[in-house]
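The data blocks that follow each hold one structure.
In the two complexes below, chain A is the common chain; its partner is chain B in one and chain C in the other.
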Partner chain A sequence: MDIKYALVEFLCKNFMVDEDEIDLNESLIDQGIIDSFGLVEISAFLESAYGIVTQQEQMVRDNFGSVHKIVAYVERWRS
Partner chain B sequence: MLAPLEHRGPDEWGVYVNSHLALGHVRLSIIDPTGGHQPMNSFRSTIAYNGEVYNYIELRRELRALGRHFQTDSDTEVVQQAMEEWGVAALPKFNGQFAFLFWDKRNKQLIAARDRFGIRPLYYLPYKGAVYFASEMKAFDALPDFRRTWHPDNLLIHGVLWNTLDAHTVFKDVQSLPAGCVAVFKGQEKVDLQTYYQIGASAAEVPASFDEATLQLKALLQDAVRLRLRSDVPVGCYLSGGIDSSVITLLCKAVKKERFKSFSVVFDDETFDESHYQDAMTALIQSDHHAQTIDLDHIDKHFLDAAYFFERPVFRTAPLPLFLLSKKVRQEGIKVVLTGEAADELFCGYDTFKEMKLLRAWEEGAGREDIRKILFQLYPHLAHYGAKDKLGFLEMYYEGFLGKTGGPSAGLAIRIHNNQVLSKYLNKDWGVTFRLDTLETLVEAMLPANVKQWPVLRRNQFLEVKTLLSGYLLSSQGDRMAMAHSVEGRFPFLDHRIVDWAFNLPETYKLNGLREKHILKEAFGRALPAAIVDRPKRPYMAPELAAFIRNGKPTEKTAYFLDDQRIRDYGLFDPKMVARLLFKYRRRGIRDIGYRDNMLVSFILSAQMVEYWIRHPQSRRLTDSRRQVDIMEQ
Partner chain C sequence: MSMDRCTRCILSGAFPGISFDENGVCSFCRDEIIASTDATAVDEARKRVDALFSQKGVRVDYDAVICYSGGKDSTYTLKQAVEKYRLKVLAFTLDNGFISPTAFANIRRVVDNLGVDHILFRPAKAVFNKIIRTCVFEKVYLPGSLRRISAGCYACISMVNNLALRLALEKKAPFIIAGFTLGQIPANAIIYQNNYRFLADSRKRSLDILKTQAGPEIGKYFLLPDDLVDSVTTYPYTINLLCLEEVTEEQIVAAIAPIGWQAPQDVDGCSSNCRLNVFNNYVHRLKFGYSPYELELSHLIRNNLLSRSEALEKVRKQPQDQLESVMRHLQITKDQLLQIVPVRK
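Now for the complex of A and B:
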């Protein structure tokens, strides 16, 4: 499944938003879609869906600062 | 309207009627049980008064020196005569917790007043050409053809701030007289509203040194406890196991010098259990101790009962243990308890004060290692995050608030940010028009004009007192849960002399590094069991979900209130969103659910239950034999 599609579907199901409410270029925290625990939930999702174990130094806005950044992070990890 | 309030005053009741108004009163007899009947009528005035003015003995002396004579030993008569003598200038003289209606016969006007911090409630409702007053909003449902209806915008604001602003409540047309205010009504019109007290307005002298400050705190608090032990019925104490209530029980012991009853909640689940701290204190003060054990079934079973009294959505199940504890207190024959409420606001016990400190350190250039060190101190358990290797996410989260700590309302930024999700859950067709991006402006409008000159911590303390304490903790968790079983809570930390004094203390006296309540611990630490003074923070858990969702399924009661059809019938929430939330719990263990989702469950469930009680008002009647006052005048 397309990473972006899978991630957006996860967000919609778990954070009670509709797809058109998510700005893919903005921080999910800043948009009020997730709180701090939401990042833990997303990281757990990435681990279960893609086997990505996020290390402390990877928990930065460059990797988790928006849907597009998370997708790029997954793609980098997979490549 | 009196019958729905009988729990607040089961001992006796009375009415006063003239051609302009009717005053009713239900009495919980504490001071001068045989003399202080209400409404209290004199040649010049009539008063219906709820609460206590603790310095009534000193005020009575002052009034006698002015030539006044007293028929009773009650504080009610002192308040009445003080109002007759000084008018609203009497209010700043009162040290206590009160709300009253004072009918001025000469000027044919009604004065409504409320204590400085809003400990005692006073609601009013303009309706069909009259104005009605009550201590609890449910009383208005007794009016012909009236039923409370929600105010969608105010419900949203309440959801985000944990309180409504100014005089607003979550219900249309129902107003709350703001804390520290006095209003004058003539006919059906409110002709004047004055603020006689504002926290932070007094320039209390700052102690010369920390050592001097600790001595002053000891003296002030001991005197506050002494005054609050004035009662003609036995007084007990709540003992949670934390330092606040431990200090109060310690001082109670010092002042009373005789054995008294203390009361604690003991949680069946050892994760929440604090009984070994309570045991250490009861061994020290040798109190006659009584514990109310609570488990998850209690929370599930009695949450609806508590909702009848808290009357608006709540965000945690915290009111419930206090609801059951007051029942225990009453069963033990006690009507009055001292508690440690408000020390968190005065001496910076909440994490929100530390979070703002963290952000300020970060903004001022603290290194990543220092930030992590602070985060570890803030979240030593990191249960939220499963393990400490998730610390980076916490950093990311707080990073989003950098640059936002300087504004006057910055102290509420994190709460507003976390809670704004509630706007998605409200019924989209319900007519919410309020824009959350204007909330900051509304909050700033309630701040004093000189707020920008205040240190950041003081601003944040002000906001906590004005939002969370006055409108939520003292009401939904304080007054309503105690009065549900006819128990009066008294709060020594809210003696205004202590509040004004603490408010002006240097920041490091209160929050020293990240050590909260520093001065309280230094002042009383050596007299308390060491384990209580610097006890470790407890891990965050999800008691709400654990009580209401079992093995992924809502309990029977939860299922009833979150049922899709009932959500549609009541019309407060978006059924799709509630269904999604339940779906989430079904798939995941409650230990994998964060703080925000946990809060959502409490909010939605409690709002549904409040609506249930509006639709199912209780039919109650007062007992005729308990009527002590029945006056009719022209």
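Now for the complex of A and C:
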């Protein structure tokens, strides 16, 4: 499944938002969609879906700052 | 189908993203929406906790700083940390000025009976009250952060988390133990290790609003000093031990009675230590149309740890006299509260 599609589907189901409410270029925290626990949930989702184990030093804005950045982080990890 | 409340759990029709079938059962109970509370995550967390605790240091003064509110859940968690996991703990309590006198007596008896060190921190009362007032009248936290918790509790717990992190770093304790239950937090967040700088950056918007209203000095409650952050090589793990236990409220109360815990009578049905909770719940209902405890209590119902009638009793036990007492302390009138514009989806 497409990474972006899978991530957005995960966000919609777990954080009770509609797809059109998510700005793919903005921080999910800044948009009020997730809080700090949400970050932990997303990293757990990446681990279960793609086998990515995120260390605390990788949990930075460059990797988790938006849906597009998370997708790019997954793609980097897989390549 | 439009409903006031799910017929199986206690989620309200006002809860974001909810829908009901022809029997009045909500989409959360039908598992149309994944609530991230699966048993697999809990099993994995148990294994990780065992592995992490097996590596605990012998040369540190404390294995863990434990956030100890004096409520039944954190008392049980403290007991588990000391007696089951054999951790050397430093108990930490934030006195927000609204802790029930009975809860204070509980705290003293319990830490004495368990033989643990204890630190109490009380922020300046006028400043703390300004923080709570700001949470009432300003949009400090965005709605997505407030589905499991009221804004006032969010601010208070953010202070607890930050001060506990500071203590853990200063004492070089590798763990922070918190007493959240499943439903209060997602199952994937039982154990976590956050990047502080990213989180502090992400919380800037809410902290700026609080600072504008309550004064710039409140930064010390929500942020770590720069020199401490610069010196950190690794952050402690935060572990919510209670999430690993399948235990009913009745069993918790029975387990902590022998170490001196008694139920306070001057709190609402959803708290066992804090008199401010009734007020925070009231404001949350005004804004969102549902209790901030519905998600947590519904989780307990689905896991057969609480009956629906017991859960309803908890959310409905919101004593008016205590609400009015807290409002007087905060210098907030009912007319002011009625001007709050509901934020309902």
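By definition in this document, the second predicted complex is superposed on the first by the 79 of 79 C-alpha atoms of A that agree within 3 Å, B and C clash if a C-alpha of one lies under 4 Å from a C-alpha of the other, contacts with A are read in each partner's own complex, and residues count from 1 in each chain.
The rule is simple: contacts are C-beta pairs under 8 Å (C-beta built on N, C-alpha and C of every residue); 3 or more make two chains touch, one makes a residue touch a chain.
What you are looking at is a predicted structure, and each value in this text was computed from that prediction instead of being measured.
Undergrad: Chain A superposed: clash or fit between chain B and chain C?
TA: clash
Undergrad: Just checking: does A:K13 make contact with chain B only, chain C only, both, or neither of them? Give me first, second, both or neither.
TA: In the superposition, A:K13 touches chain B and chain C alike.
Undergrad: Looking at the overlay, what does A:S79 touch: chain B (first), chain C (second), both, or neither?
TA: It touches nothing on chain B or chain C.
Undergrad: Using the touch definition from the top, say if A:S27 reaches chain B (first), chain C (second), both or neither.
TA: A:S27 contacts both chain B and chain C.
Undergrad: Once the two complexes are overlaid on A, one stretch of chain B runs into chain C. Is it 151-159, 205-213, 493-501 or 619-627?
TA: 151-159
Undergrad: Need the overlap of the two footprints on chain A, from chain B and from chain C, as residue ranges.
TA: 13-14, 16-17, 27, 29-30, 32-33, 35-41, 44, 55-61, 64
Undergrad: So in the complex, which bits of chain C are touching chain A?
TA: Against chain A, the touching part of chain C is residues 16-17, 33-36, 41, 141-145, 147, 185-186, 188-189, 192-195, 197-199, 201-203, 205, 234-235.
Undergrad: Looking at the complex, which residues from chain A come into contact with chain C?
TA: Contact set of chain A toward chain C: 13-17, 27, 29-41, 44-45, 55-61, 64.
Undergrad: Considering only the defined contacts, which chain A positions touch chain B in the complex?
TA: Result: residues 13-14, 16-17, 27, 29-30, 32-33, 35-41, 43-44, 54-61, 64 of chain A touch chain B.
Undergrad: For the complex, give me every residue of chain B touching chain A.
TA: 384-386, 389-400, 417-418, 420-421, 424-425, 577, 580-581, 583-584, 592, 594-596
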